[in-house]
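After the structure tokens below, expect a handful of questions from me.
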Amino acid sequence: MRRICVVITARPSYSRIKAALDAIAAAPGLELHIVLAASALLDRFGNLQDVLRDDGFTPSARVFTVIEGDRPSTMVKTTGLGMIEMASVFEQLAPDVVVTIADRYETLATAAAAAYMNIPVTHIQGGEVTGSIDEKVRHAVTKLSNLHFVATETAADRVRRMGEPPESVFVTGCPSIDLAAAAAARPPITSRELFSRYGGVGPALDLEKPFLVVLQHPVTTEYDAARASITETIQAIHTLNMPTLWFWPNVDAGSDGTSKGLRVFREQHQPKHIHFFRNLLPMDFLRLLNQATGIVGNSSAAIRECSFLGTPAVNIGTRQQGRERGRNVVDVGYDRIEIIGAIERMIDGPRPARDTIYGDGAAGSRIASLLGRLPLNVEKRLAY
Amino acid sequence: MRRICVVITARPSYSRIKAALDAIAAAPGLELHIVLAASALLDRFGNLQDVLRDDGFTPSARVFTVIEGDRPSTMVKTTGLGMIEMASVFEQLAPDVVVTIADRYETLATAAAAAYMNIPVTHIQGGEVTGSIDEKVRHAVTKLSNLHFVATETAADRVRRMGEPPESVFVTGCPSIDLAAAAAARPPITSRELFSRYGGVGPALDLEKPFLVVLQHPVTTEYDAARASITETIQAIHTLNMPTLWFWPNVDAGSDGTSKGLRVFREQHQPKHIHFFRNLLPMDFLRLLNQATGIVGNSSAAIRECSFLGTPAVNIGTRQQGRERGRNVVDVGYDRIEIIGAIERMIDGPRPARDTIYGDGAAGSRIASLLGRLPLNVEKRLAY
Amino acid sequence: MRRICVVITARPSYSRIKAALDAIAAAPGLELHIVLAASALLDRFGNLQDVLRDDGFTPSARVFTVIEGDRPSTMVKTTGLGMIEMASVFEQLAPDVVVTIADRYETLATAAAAAYMNIPVTHIQGGEVTGSIDEKVRHAVTKLSNLHFVATETAADRVRRMGEPPESVFVTGCPSIDLAAAAAARPPITSRELFSRYGGVGPALDLEKPFLVVLQHPVTTEYDAARASITETIQAIHTLNMPTLWFWPNVDAGSDGTSKGLRVFREQHQPKHIHFFRNLLPMDFLRLLNQATGIVGNSSAAIRECSFLGTPAVNIGTRQQGRERGRNVVDVGYDRIEIIGAIERMIDGPRPARDTIYGDGAAGSRIASLLGRLPLNVEKRLAY
Amino acid sequence: MRRICVVITARPSYSRIKAALDAIAAAPGLELHIVLAASALLDRFGNLQDVLRDDGFTPSARVFTVIEGDRPSTMVKTTGLGMIEMASVFEQLAPDVVVTIADRYETLATAAAAAYMNIPVTHIQGGEVTGSIDEKVRHAVTKLSNLHFVATETAADRVRRMGEPPESVFVTGCPSIDLAAAAAARPPITSRELFSRYGGVGPALDLEKPFLVVLQHPVTTEYDAARASITETIQAIHTLNMPTLWFWPNVDAGSDGTSKGLRVFREQHQPKHIHFFRNLLPMDFLRLLNQATGIVGNSSAAIRECSFLGTPAVNIGTRQQGRERGRNVVDVGYDRIEIIGAIERMIDGPRPARDTIYGDGAAGSRIASLLGRLPLNVEKRLAY
């Protein structure tokens, strides 16, 4: 029986692993332990605890590590506290392998803690290219990891070129695409379903008519510019005056600038065509993306899940720079004119065809199968 | 004026940076800040504070981070506490660039703290290959760093292949070779000088006759085997019965096994031909290596400085696996017979010629010059 | 020159020390260092940074220590992190004396850090009795402190009876009363002034007509009951339908229950007679209390400043249990009927006379004078 | 079933609780959880793990918290880290009551963590008076605690006078006296038994002839003076030239001064009449005290256990100042002449009679019984 410990530190990571969790939990030779940590436990970033419970999972440990302040130095200290806490958790759980997801700054704590404790580390979603601090974190985690389950062929190629042993790199596809596939198979979400389930702030909108989804996160290393960036998007959406579902951003240094911009706008304009949400259940969010006219902002969902769904995306700024794109993505700068133009073309254009660059919908079972049968070692060396 | 913050976390790292510190301190456009942290402040690992003072340096900050216990989990927590503390130090010093050295586990705290705080990171001595946890740490630090000052052409090649932008990689040589060159230019250290200055435990030996230097560290991921490994070396040296200077190992998970083996041997046998030391001043250690018949164990000094000095080395086990070797090195396993044979051949053989693979003795000034003139950025992307 | 280091960890503490800060800053032999820590730095609890700047103070250090989660265990960890950080701050500032205020849980970090580092500790506002965890913290801080500047004669008596040397206990009065005296000397705050300066949520109210101020904090050791308690108050105020200014509570384990109750009420009822605020400048808050018909909830301002101002107070529940009361206070339970009755009697009754039990308005200068001339020792023993 | 969590942070605390642990483990309605933390886990301070195992106990958690450096600031940080770790342990164990022992600085972490988490705290050995930082810690822990099991009537009186509710204060006697009573009932320890079991450094001594036991700890707030103080004792013992068993001190800021003094003396003089030990099993140490001619230094064992055993004690300096003394104790200053005189009189004088001021040997069962039947509350108020 292999003990698989999956550490989830933020709500978006849950979508990126959910299908694998289901498969691990169902696999006869695997014992699943979920650790919830960092912003995954906090209401203001979309507390995952209820979601997990509803999905039938019970976390083996919960680790509160976010030091408030939304500053670069508190990011560091949150990660440091995360290492201190994670070492205790790993001592207690004694996993055979630790799984860490993607590239948020606090995932370095997971990978380093496991590596130092001689526990093999499996990294989901390495080998991608984005820029900003995520870029450094992602590749540092790759170098601390022993197994790499990547989303795309290009990512696999990068991980191998970084010197990881080729036999440790697997193109599983991203488990989030498994969810997208499931969402696409379900009926559209109705207005009544959406607004009664999630509340939010603003008027109820008619989801049978065209509508936009907006989700724009602050970009870590552009701390001071967060407010200016969001303002361009706000003004563009304000001008277009089209039904819009706007989602609050995640925690990050700079979230204050972004949130402040959104709050001031909402109080000043009390816009009639925008409804604000904090978080949806992942499945509902994907169903919504599937039926949206398009998505605007800098969410990775626009690049990844929407490529599979064929939902057009206007991607703003540098946050997704370097990520592979399907045919559904148009890139624009932090400029309201550019943003408006791209959205208008998106509305008028044909719906793009599906892409499977990020996965074919079977990533979860591939991951569970690999975790069950691959040899687990902690030693490794550069392949060159 | 550029503020250069060099973080030193262990005594061996000091030798690897000393020549650069001298050059940075002397450079007109650079302001040097030294941060002492982790085992660099602790008596039992060779407290650097007096050494620094004698060398004319005053640390800008001292950061106590070592959580006692010598266990993998305390290594993690020491690193986590290091991140928490280092964030405060960097906020206070506000450096333009942070310099981190080599690959000890706690250096990840330095690199991650600086990277998360958008301070460019310069890594000294990346691109090497050794195995064990150092291997993961070293390359993870590379991925968190913006400038790479490496010791060898091979190392530079590896760093570039890992995707670091070629314009960020420089073969400066290792500053420790600068010290070795200076040591080789000085007269041999006399017995009186050595034993009166450092005391130690055991009889005084005659340094004008052939003698061995032994230094063997525990290997982190082979925690339980530390005691068995050191016993082979102890038995080999005991059998050879040749004048020997034995140095205690650094801190690391597993140091107990090694130290215990040494202590038990010393108490049982009270060997007449071995003198035990904790630490020498780097310059004296190098002078000693220069005049030694050979060095035995798994110290990197045997591979690096001794290649330049032409001092023969019997390298035991896996700790230096993968490091480039000069003509001075013979590798053996944890086996007393093998060790004895290699030492006997070393004693009988000719002294090897000097190698400059790890540097030509001018690394310090090269590093200071580069830190003064290179552009300092925090953003980077994979070169492929 | 004595270096006086005052650690402020929450917005309410600032009012309790402001008058002393002014006096210390003005005293010729004293050098004032302010450390901002914990919730004093966080927007959601009334970030003090702008307030300090506007008052002409520059903090010598800022220490982010609040670990998000609003749980008892995160309170512990916040305090532990506070100790780690505060030790660094005290090493850097090297104060001759550390001043800590009142009884919030994180003040134990300040007092213990200073005591362990052999820095004399001055405690402001010891010797009071309230119940809940504050009670334990307050008296523990007393036992870690060397000087006690208390608000009332009764408090002084208690501190002496706890075994503190009588010559270390001084009835200075509470500096917050100095502010209240200043506020009472100023003209009433106008509606325009209030709502244009602070915004908030809800309709603008006419401050020339009778109005209530409500401020109710969760009670730490009644974590689960927070939501139930606030609901009684909400229903009472809802029933009375009188113009009301409602202030959000501070951070504390349980704040979620209280905040949730308030949010749900606001969204469901969108009350027309209530305006919600986060924080006012202390002076404006005191001016408002001075002109309010009465104050409702469990704020200590109702007990302390309002006794001096002669503002009637309906004090709900156990939070202020044990505190000395002036003639202005009526106590009720968590019961909407009781609350309504008490408020109605308060509205109909005469305005109470001023009490000086908590100070006469000269506490600040007394404290500065004592800090300048008292001997500073760290040793102490029980007086019996 | 009540879950009793006893936190042990140092070897000396184990003797102070052992008899209670036995009784709790044997009590039908109690479930014993032992947490080992801080120096209790470290070899250089007498690792308790083997002792516990040999006594039949298995710790429920082990918490490494000692940050190396032996400085006041690392004492603070060790305590802060202890809070962080202890919160996790208490969340996991969910005890009904936490038991903390005596007054070492890190015990504040235990008491504060439990108090903040609304777990009733039982304090063993409050109400005593000593001076130094222990004094502050002890009484602060009293104020954080709900039940007080004290050693003497005088201590009980002090705890009540500090305002603790009289019904929460119990004179149980100190469990260490239970051990002393058991030790006194056993045959003397033989030289062979002692030296073969514990090794140590120095010649074997004849325990059938008169011998001294020396144990002198550094005094925290006299950091710089530690070396000077120990030197007086060393010189006195050196002059007396009588068979002596010398025990190394515990961890504390200043331990370096004391240890250094001892090491230098030992290396210079290689005394023939002194044998140095690190730690004995508590039972063996007590048997040794029972048969010793006398004890010298500042150990609390001299004051407490030796009062019951009737072993004469020369108590040096301020460390035990304020503790109640039996007839066996003579106090002297840090002065070799005074120390010599007192030891000579001790050798020549009659053996003092037994005192039961610190207990009658039944403390353990009393404590277990009280923990089983007392109501457990977290709320408390000053009794005045």
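Letters A, B, C and D mark the chains as written, and numbering starts fresh at 1 in each.
Here is the rule we use: contacts are C-beta pairs under 8 Å (C-beta built on N, C-alpha and C of every residue); 3 or more make two chains touch, one makes a residue touch a chain.
Values in this document were obtained by computation on a predicted structure and should not be read as measured data.
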Greatest separation from subunit D - chain, by CA centre: A
Contact-richer chain pair [B-C vs A-B]: A-B
Cα-centroid distance, subunit A relative to subunit B, in whole angstrom: 40
Subunit B-subunit C separation of Cα centroids, rounded to whole Å: 53
For subunit A, residues that touch 2 or more chains besides their own: 73-74, 77, 81, 84, 88
Residue ranges of subunit B touching subunit A (in the complex, touch as defined): 72-77, 79-84, 86-88, 90-91, 105, 108-109, 112-113, 115-118, 129, 131-133, 135-137, 139-144, 158, 161-163, 221, 223, 322, 378-382, 384
Residues of subunit C touching subunit A in the complex: 41-43, 64-69, 71, 73-74, 77, 81, 199, 256, 267
Of subunit A, residues touching subunit D in the complex: 81, 84-85, 88, 92
